[in-house]
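Two complexes, one shared chain (chain A), two partners (chain B, chain C).
Moving on to the complex of A and B:
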């Protein structure tokens, strides 16, 4: 099976998962106490008013009909109307999704760039002080609530030292005129970088720690392989062994974990956005839930599921680039 | 080693002719006794166990303290010792929820903060007070109860359900497997926190549904683990033998598959308790957990957000409590993995 065929098959396999995500959210929201009509019209609407609203939003039809209609609309990229914001759900998501993706991208970049060297050094110097330090850091990283790291960073860097901003995130694509003291795109990017630093550390620490642990153990396993011993016996330098023999082989478990980490990172983004008052998808879904905005909750969750599924497919496909031995025959 | 404890511990018929001392008999690598003996040798696991032990003790004491102090008080009356013992009992017991009129946002003992410059905290409130003058140490103490209960109950639920789903999926394969595993994948595709919050909004915004929600959302983790074990154990010859001997599927799963999955499940469960504690802290931080005035660590952190400038300690302590507890479970989990994984052992 070629790569294209495999890609298509993976995408088709994702369809039932997305259907499932939609179904779970839709029916959980359906089980929610409280009536969307009374939320829109206040506590005691007249019968005629209520009926009109029901008819307008199709609430008078059976739930499975509404679900099927929802799915058909979703395929046409219509996720319904947000009751709270009074705009289409897709518009609200289009506004918020880039912010969350930016946050996820920056924290994963931070995590990978720190975890890979840390893990390798740790494995190379197994049971030496460097290894112990990196293992303790990783242990603390996976044990610390990300939002608490955020609070501590705010206390230290925003309140005590007053060197980094804690709120009012500036986006790198913000118009130059809208940013205080910025005369050019470079200024805006610099300001955005400063604003992103603390949220990135807050969200990325957990990923960094988890990746460091897997990188270390995977590297240890590869370095214990016969072919590494053979290379060493031939007098190949340790650096060359690392670079040419061990590195790529050790990255497979890391890539698997990256895909799976996405779902916990999105959960973490909800908390990080709350701590740093960032208007992304995470705060959006919390607002939606707190205001019983049915369509917005379902739509947001569906997009989260979509991001996750895309992430997993991308990691699956990237196997082949890292490890030429991977053929798509045996892959699921 | 894929053997069951029953077979391994069976006395060998020619034991009396065997010159070798009994201690060299290979020990079964499954079961509680083996696990405990390995844990005792592993300093990492032991330190984790100590942390968990302390946290559990605190949790248990905070469960019974009301009864305990009432008993002390009652005891004083019965012994006709007058009000003295009652007074001692009352003086000792500090309610985690009552506002006692103590100064708010006090710093910890011997330290100062911006609200009280030149007026360091005292031992009356060793960790300081919160925004309502409640003692932070006492509230932290009571928060342990929620963290430990939620972590263990939700993990236990996920473990049992995950074992059922995973063993059925792995053993029967085919359509059953596909359906169950797609279901697990679907649950996994929704961010954990979002899934649990939506679940709680639908069924009830309280701690019980937080535990059930976290448990249900964790099922895929255990289901996958058990399924992969089942797939490998299913191919073992002794399972074929059992099947040929007419042992029923259910018994094969119960007697061979589950015992052989003991080590990885135990490791995963230990680590998962820590993860669940982190998630529930996050839920409480967002207001979906124990409802006020019941103290929980996440909720304390949420309250502290407005007072990070005047009294940063209010934010520091609950986080450290979470950190310490979760580190305990991670140490134990890591230690167990090292102790129980034969690959690392050898």
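Moving on to the complex of A and C:
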């Protein structure tokens, strides 16, 4: 089975998973205490009013019919109307999702770019001072909550030193005119970079620490493999062994972990967005929950589920790309 | 060949592993030579130090292992030369090649190695052809395209069907025997003068092993490559080796031409090894295993290291460490098939023909009073198994 076939199969397998996510989200919301009608109408509405609203939103129909309708609408990118914002849920998500994705992307980039070299150096200098330092840093990173790191970063860099902004995130795609003192796209990007720095560190440290630990142990394992010894026996230099013979194999556990970390990163994004007052998906979902905005909660949860499923598929596909045995074993 | 310098000379090589339990004397003063185009066997049980000896030659021993003494010379170049400094610390001598020189001049180019486990020796994420090609490019002065051509030719030569197609396949698409062929192709394709084969057929089943041995025999003749063949299998030794070094607990205890070793076996250990393998030309009721297990190399037994398991052991064996030398005349009381020639003379004659002189480390062949020494009561470790072996011997006589 080739990689193309594997890719298609893997994507098709995601369909039932997404259906499952949708069903669980929908029925959980359904089972939650509280009646959307009473929220919409305020205290003590008349029975006739309530009935009219029920009929208008189709809430008088059986739950499975409503679920099927919801699914059909969802495929058409219609996730209903937000009760709180009084706009379509999809419009709200389209506005907020890119912000969160930007935050996730920048923190993962930061994590990978620091963790991989740190892990490799740590493995190569095993039990030497560099290794100890990087291990302690990694351990601290794993055990420190991201919101605490966020608060500390704000106190130090935004409040005491006053070198980096802590609020009013500027997005890289913001119109040039809307950003203070920016004359060109480059200025906007620079400002966005400065604004992103603290949230990225706050969210990325945990990922970075966990990835460093995995990279180190996986690199150590690969460096002890027979094929690495063989390469050495054939005169391959230590640098080439690291760069070529060991590197690719050592990234497999890292890729697995990256996929899994997407969940914790999404959770972390909720906290980070709150700490840095960023208007992303995380704050949206909190607003939705606090205001019992049923459609918005279901919609945002569904989108998070979707993001996660996409993340897992990307993980699996990169796995297949890095390790030729994956597509082969599937075919067995 | 007799007068000229041998291709590889290993002298008093000692490699130790510094573990928490103590110092493991894995290789403890091993000396042997390999002539050009010669196939030299390194035989012994698991843990005898064969693989460590083989890897020490190429300085591939990894932490916590370390070469602590001895010299290895190859084509007049010093691969290993350990000296003791004024305060007893170990030093690499000036003559010893640098790590860089080892990498660029020796590994792969001059000496190639084939590892024991074909399933683990190829990198799973690269194509088989790519891996062979990489090593050729690195060790021979050829372009990438030429290297690919050489790789495909060599894969064909070692008996891989459809080498052009299989060149682009991954190791997991190859069987164990095929992977072993790839490793052999890798070694040969670099055109080294010496190949160290570290139990290359141990992981294979017997039919495949037979094919591989035939293949090596043919290729060895064709390319005139010298081999150090590490194995625990006397059958393999008989099939392909020119001369043999039998190792026990880090020491070479008998060294001889393959014919001498099999027909004029001197050391009780070698004899026991030979008795413990099935032979089609002899019918026996049961095979005769060597009693007990090899002791730990952390605390090797005093005197002769084999005395704890040796059927011929006497008091003197526990006290005197035998010298590795030609067996002395008349000393071989229980010796088999001595044709009357003085062994020391025979050894000198052998050397003059360029054959391996017959050397043995056993006090039976030394004038240290073996004949008058008390027979050794079997020690606790060997007693049970020794008793069993005797019982079996008794049953067979009836």
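Just so it is clear, the second predicted complex is superposed on the first by the 320 of 332 C-alpha atoms of A that agree within 3 Å, B and C clash if a C-alpha of one lies under 4 Å from a C-alpha of the other, contacts with A are read in each partner's own complex, and residues count from 1 in each chain.
Here is the rule we go by: a residue touches a chain if its C-beta (ideal position, glycine included) is under 8 Å from a C-beta of that chain, and two chains touch if they have at least 3 such contacts.
Here the structure is a predicted model, which means the values were calculated and not measured.
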{"item": "Comparing the two partners chain B and chain C, which touches a greater set of residues in chain A", "value": "B"}
{"item": "Partner chain in contact with A:264 - chain B first, chain C second, else both or neither", "value": "first"}
{"item": "Partner chain in contact with A:234 - chain B first, chain C second, else both or neither", "value": "second"}
{"item": "Touched partner set for A:309, first chain B, second chain C, both or neither", "value": "first"}
{"item": "Which of chain B and chain C A:226 touches, first, second, both or neither", "value": "second"}
{"item": "Contacts of A:245 with chain B and chain C, given as first, second, both or neither", "value": "second"}
{"item": "Overlap of chain C and chain B interfaces on chain A (superposed complexes)", "value": "none"}
{"item": "Contact footprint of chain B on chain A as seen in their complex", "value": "16-18, 20-21, 24-25, 28-29, 31-32, 139-140, 142-148, 151-152, 154-155, 159, 260, 263-264, 266-268, 270-271, 274-275, 285-286, 289, 292, 297, 300-301, 304-305, 308-309"}
{"item": "Residues of chain B that touch chain A when the two form their complex", "value": "182-183, 185-195, 197-199, 201-203, 274, 278-279, 281-282, 285-286, 298, 301, 304-305, 308-309, 312, 315-316, 318-319, 322-323, 326-327, 330-331, 334"}
{"item": "Of chain C, residues touching chain A in the complex", "value": "58, 60, 62, 103-104, 106-109, 112-113, 115, 117, 120-125, 134-135, 138-139, 170, 172-173, 183, 186, 190"}
{"item": "Touch list for chain A against partner chain C, complex", "value": "225-227, 229-237, 245, 248-249, 322-325, 328"}
